[in-house]
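Shared between the two complexes below is chain A, which has chain B as its partner in the first and chain C in the second.
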Partner chain A sequence: MADIIATNETILVVGGGISGMTAAIEAAECGKQVILIEKGPSVGGRVSQLYKYFPKLCHPTCGLEINLRRLKGNKNVRLLTMTEVSEVSGEAGNYSVTLKTTPRYVNENCTACGACSEVVDAEFDDAYNYGLGKRKGAYLPNKMAYPQRYVLDPQIIGTPDATKAKEACKYDAIDLEMQEESNTITVGAIIWATGWQPYDANKIQPYGYDRIANVITSVEFERLMDPHGPTGGKLLRPSDGKEAKDIAFIQCAGSRDRNYLKHCSRICCMASLKQTTYVRERYADEGKATVYYIDIRAIDRIDDFYQKVKADENVTFIKSKVARIDEDKASGNPILHGVNTEGYHRYANQHDLVVLAVGMEPSVAQDEFPVKVTINEEGFIEQDEANGAIFAAGCSADALDVNRAVQNATASALRAIQVVNRAAGMEG
Partner chain B sequence: MADEIKIGAYICQGCGIGDRVDTAQLAQVAQRDAKASIVREHAFLCNAEGVKMIQDDIDNEGVNRVAICACSRRAKTEAFNFEGVAITRGNLREGVIWIRPDTDEARETTQDMADDYVRMAVTEAKYMTPPKGDDNTKYTPKVLIVGGGVSGMTAAVEAAKAGYQCTIVEKSGALGGAAAKAWKRIPQHAPYADPEDTGVAELIKAVEESDKITVHLNSHLTKTSGAPGRFSADITTESGSTTTENFGAIVQASGYFEYDARQLPELGYGKSANVVTQAELDAMAKEADGGPIKTKDGKEVNSVAFIQCAGQRSEKEGHLPYCSGHCCLTSIKQAMYFKDQNPDIDTNVIYTDLRTPGAGGEDFYRSGQQKGITFTKGAVSEVVASGDALEVKFKDLILDEDTSEKVDLVVLATGQVPNSGVDIEAMAAVVEGEEDGAEPEEPTAVQVPVESILNLTYRQGPDVPHLKYGFNDSHFICFPYETRRTGIYTTGPVRRPMDMQQAIEDATGAAMKAIQAIENAAKGRAAHPRSGDLSFPSFRREGCTQCKRCTVECPFGAIDEDEERYPQFNEERCRRCGTCMGACPVRVISFENYSVDSVGQQLKIVDIPDEFEEKPRILALACENDAYPALDMAAMNKVEYSAFVRVIPVRCLGSVNLIWITDALNSGYDGVVMMGCQKGENYQCHFVRGSEIAHVRMSKVDDTLQSLSLEPERVSVHEVAITDIERAPALINEMAETIEKIGMSPFKF
Partner chain C sequence: MSTMNQAKVEKYRNDFLKEVTANVEEGEWVKMCMQCGVCAGSCPFGPYWEHPPQEIFMMIRAGKREEVLTSTSMWMCTSCYNCIARCPRELPITHIMHGLAHYADRLGLAPKNQPTRKFANLFWNNLTKKGRANELKLGIALYFMNGFIEGIKTALKMQKMGLNMFKTKRLSPMELLGGHGIKDTGGLHAILKKAREIELANAEKFNG
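Presenting the complex of A and B:
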């Protein structure tokens, strides 16, 4: 990778989710030189794992397709996958950034023909499906994956599978000798768009995510609906593979709680409201959804989506923070215990499946940032002049929905452009 | 044509193509049937050597049309990205070998399919010209900003920091907008505990100190014409003097109106001076200047009730159906005005859902609780003036009982009504209605003074189209700045209800898009979603019948009419969807890289076997962004579909010209399947109404079918999503089954 050309007029974008892609493409379409790095093997981030968006109920892959086309056609963006930032030094307008690239074991010769995947045996948990399914040790991360290039799981390196994969490739695309690489580049500004991860539901002990098979997270629920997903789009519950028709959604699972995440993750209410429509989509009047909530935060003009869901007779709203969940051993049904605070009624409700609306946690832990920026208690990057020309975009800045994340990423692109234009002497 | 067409056809044998089809035959087909000048087979076309082979032909042999017969156009795009030539793709991998079984039986029809895709790719190349770009583009690095509030000033300051000139046109006599009347704002930095300075004075100072920003106060736009890169705006002052200036792009930050609280008599507004709106309370706080806030008659305030969602989130007539987003946090901020002054003052926020999102929102809420603000989940029914006090009657939703509370002051959290100008679509509907002799529609519930903001001279109306509830928002989740008027970006509360912090972010993003529009316009490049496309519509004036379909149907208002009532294309406004091309009954509109011929000749070159061969032909026209990728992904999953189909990606179903269907049927196709995006209220089409228009147009295809004595089932139109990896192939198979049932077309020659 000796051919990375970057100068103090180059913008580095860290993270290839929708915020990072947006920031990179928007800046590139202004004529700026951009290096976009992504830790994983393909771009698209969390939104590529969603079935639909609220409130339009359209598919995120549609927008991803547009963004990928913009990315493929734009020579101003250089994309580096499997790459992270390990060190940053310097100042606004002149940063020196060390990038670490882990081996993919597959080079650009790959045509995505799939021959390697066919011959390998070992299977691993599929991170794209949040571990709900398996994938081969030689794999394409998903059907929309870009770059459209296979990856060898490092766990098969040194095993017969690796040799088999290499032998199956007619295009000399598999390179088992690939090593971790380190490159230092100069850039003028950095857009930090490392996004979020779902809060670890195991930590919310009273909800039994680690003990009760039929308690899953909201992000896993998205994968069940996806026709590309582990169940081919069916709402099958984990314990017995039966269709789940009576589904409970627990809001603020790990959010708005001093024990877990202090902040409100903003998206979870709308996400659960959206997911109640999945129940209707699959079962029409046969399905039932119950939402346990503190406040329904369907903010601004999309409040009408909440009104629409509320009007659905098969959706029930219970104002309650669920106290604990246990399991009916015979049926595998989770039982929710708590108090409906509207009128103070105790309940012990059984459902087929429980979906925890888990909160958004910044992907990079506070003490793991390779660069000094102002970070708030919740772990999000604050806007601060002390950050120099390092600008947060999307969920690195706050818990944001897609629309706001993209808005924020577009703003960050301008902030970065201001710096590199200054470096270029364009600003008078 | 000045430069001679020289087509190179390149046939890849990789990924199993060479094993499954006879590539020598493909090469022959390319040369003999489709008349490619140079034809080469390659074992592995996308590798460095294959790419070099093509580049050498371009450099040394004068090849200027490249037909790559290999994988889908969605794959290996970067490898096959040659400059200065027209490139087409014959999809032999995802389109042929991956969707057909590898059996001896299937071999012949698979080969037929591949043969046709090669013919089609070469033919498309023949009818394409590499776009040269527009020679008449202008570079005008200057942004016009309408509105001098926080959003407008932010857009100006941020664009100026990137080196661009800005002009702010503000209708009032001062900068600052609504925010200038506020005492403090919701905090924007950790620890999010206390209201903070609004920052408006600083922003005004930044505007005034910038040598790149010009401000016109007491002014508005009386005429805006042109297009990105060459907008011309008449800026008129109150006294009537007008200056005309040129701009590259426009940011519309026209803000919002306060909801008229007089529509809430049940909450006591207008009956008691001590029932005020949030905006009025902020003005009172500003007047108190840090001292105790007093009632209008100068009395001390000991208790305040904040009523959330006043006239909002309500279906009642005259109310706003939406949530204004900021009001919960604003009430917390205002309750703190009292609590910070004197902790003994009772402040009660009565809400149904408290909405304080994000890290800052929840911290601020907690800070409010720590300061002793009461939060009551309740639904207020009435505010009654009783003596000196006000009685707030509400249902306590936690205790499940009706109750009331006496307070000195009531603050109503009323909402934001967008100042978005004329609703051009409602206007068009009224005009159409009048022409039909129908009554104009009843006016909608919430009335605001409707004056045009931009006074565009566009044929389609003077303002940016409204989305919902009068907001000028983008319709798309992933693309908040996807405007329907290229180079004009709305921002701030005119776009969606928002607070200052969001308005600042939003305006910075809008400034970014404005700059991008300026840069794109100068290079003749299309804006999103066909970013970078250098082609633009050209139009053969002699053939035009002035039917106006193109000017009416253009989703982006790109086409005006000239003095002689011919369409006048504004290339810089165009987004290259081709809706005009699809609309034109006399087929005089085309793009260099997409035309009636570039598609029409493809479908004509397909080999149509005679009816005794029992090989029907189905034409599938698939939206390039959703249906086509869905078919590609179906292929990756090895979903099989009929070998009789020939799929052509189209920019939008709206670009489909009826002649393609007529030609297909006339030349012996047995069926036509069209796949576009979701239409209707939640339309998915990024060209707005392409799919819908196509559905309407195709409802008229029955006449054609009738005149040919063909069954109506032979043409079908569908809404297909990118996730329809099973359904899209199934729709093709359905057509194949239908043909089997009703028989082959009699039009095989």
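Presenting the complex of A and C:
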């Protein structure tokens, strides 16, 4: 890793999700030198954890694959995984950035054969599946991970598992001596694309996510549908492993609520509408979905989608913010309590499974930014002259869907290109 | 119908929301309600009210003055604060309910036989007399709240408990003669008088 070449004409992109990849590829395809860093072992971010995504309902294996191919084929992008920014100093056109790279313990020789994973015994919660399943101590981050290289969990280093993994590798790809590295590079502009995380549903006390097994979040629901997910694509509910056919979706779980997130997260209405189609896809006429909402915020072409879902007889819309959820002890069914404000009907409805359409919050907390940028009260980066040549892309800038995140990332690539062009011009 | 009620009807003719905003304590919050229904669903007494809070807010906006102010609903609030804790817009719903009840009472529109209203009046008069609650007098007043015969019946039913409280020095029959109070009763009355003046002056200001 000693050979990172960067100058003040280089653009640094922080975060390898759909926004970071887009910004990096767009700038690189314009002939600019780009360094793309990603904290995790693989690029793809939250989009790679979806079953299908808006607006065309493509699987990430298709939509994301196009970006991966562009990334692999471009010589102007240098990708560094397991790397974070620890320090930034300097000014627009001349930043000094310190990067911290944690060891993967697997080098470029890896062919992703999986022999190491087979011999390792230790298992850990799989963060890729939001903890719904387990993964081995030596693992491939996900099926379409890029780079296609295994990772050793730092928790097995120094245990017999690590030695077993090393011995099982036929390609001399496992290097247990790898150490944390720190590199300081010079760049002209920085694109900040650290994205979002689902709002912590445990904080929404009345919905019982922390105590009722069959209350899950929308991101977990995506993993259940994924054929490569923890249930092999079956909608098995957590309490008893039975197939869930009658599913409730609760909108604004954490969003538009001054007790939690003040802002509207924008994606959740569309996500739930999309997920009602999953239920129908899986069970045809047997699948039932009920959406509890304050108001459905479907925008532009998404409204067509809303009308289509609304026309479906097996999908019911109830205008109500659910007050609380408790559990039917015998069946494990969650019971939703509230008042339907269309007619003021009080209800206590049982469903097989409840999906909380959780809100979006920035993945970097306001006080954890390694550099001073203007951040709004929701925690997103504002566009501001005071930020110099640090530009937010995608969900670092606002709560956005994939479509808008990609547009936003392209715009930030253009801003960064202007800065490095200026830097190049000054040197004549 | 009180003259104050007549004046308000004249002034706010078709805009009950404006009237509530100007005259009801915390009334300016009513317009912030987004009708999500979480208060109605969270209220432990919800199933027993005629109109849960979110419905009352909608009725205010729809100008249903008579129905809101003569309703028993806001008198049902027990101040558990569940609705305030859960309201996504942080409306002080409990306080608005009490504000509406108080306003209806001032206008003379509150339902006469609503027990919460009766109790509130008894308690207030009992407390403000000497600055301390006189439990014996309050208890007796409560027994007879619903008529003389009803009062005798309740008193007989509670006889044993009263005697026990007397034995354990929790109740003094001497309280019937005046009873204990704070040192400066006159001072308390002056404070309450001043508070009433401020309240009336404020109401006058809104009346413009």
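The rule is short, and it goes like this: the second predicted complex is superposed on the first by the 424 of 428 C-alpha atoms of A that agree within 3 Å, B and C clash if a C-alpha of one lies under 4 Å from a C-alpha of the other, contacts with A are read in each partner's own complex, and residues count from 1 in each chain.
Keep this in mind: a residue touches a chain if its C-beta (ideal position, glycine included) is under 8 Å from a C-beta of that chain, and two chains touch if they have at least 3 such contacts.
Keep in mind that this is a model prediction, so the values were computed, not measured.
Once chain A of one complex is fitted onto chain A of the other, the partner contacts of A:346 are limited to chain C, with no touch recorded for chain B. In the superposition on chain A, contact of A:338 is made with chain C only, not with chain B. In the superposed pair of complexes, A:308 makes contact with neither chain B nor chain C. Touched residues of chain A, counted separately for chain B and chain C, are more numerous for B. By the document's definition of touching, both partners, chain B and chain C, reach A:256.
In the superposed pair of complexes, A:134 makes contact with neither chain B nor chain C. In the superposed pair of complexes, A:372 makes contact with neither chain B nor chain C. In the superposition on chain A, no contact is made by A:211 with either chain B or chain C.
Shared interface residues of chain A (contacting chain B in one complex, chain C in the other): 256, 319, 341, 344. Across the interface of their complex, chain C is touched by residues 206, 252, 256-259, 294, 319-324, 337-341, 344, 346 of chain A. On chain C, the positions that touch chain A within their shared complex are 34-38, 40-42, 46-47, 52, 54-55, 85-86, 88-90. Partner chain A is touched in their complex by these residues of chain B: 14-16, 44, 46-47, 71, 74-78, 81, 158-159, 161-163, 188-191, 211-212, 313, 315, 321-325, 351, 353-363, 366, 377, 397-398, 400, 468-469, 471, 473, 475-481, 496-498, 502, 505-506, 508-509, 511-513, 515-516, 519-520, 528-529, 531-532, 625-626, 629, 633, 636-637, 677-678, 682, 684, 686, 721-726.
Across the interface of their complex, chain B is touched by residues 18, 25-26, 29-31, 47, 51, 53, 56-67, 69-70, 72-75, 109, 111-114, 140, 143-144, 148, 170-171, 226-228, 256, 262-264, 266, 295-304, 307, 319, 341-344, 376-378, 380, 382-384, 398-400, 402-404, 406-408, 410-411, 413-415, 417-418, 421, 426-428 of chain A.
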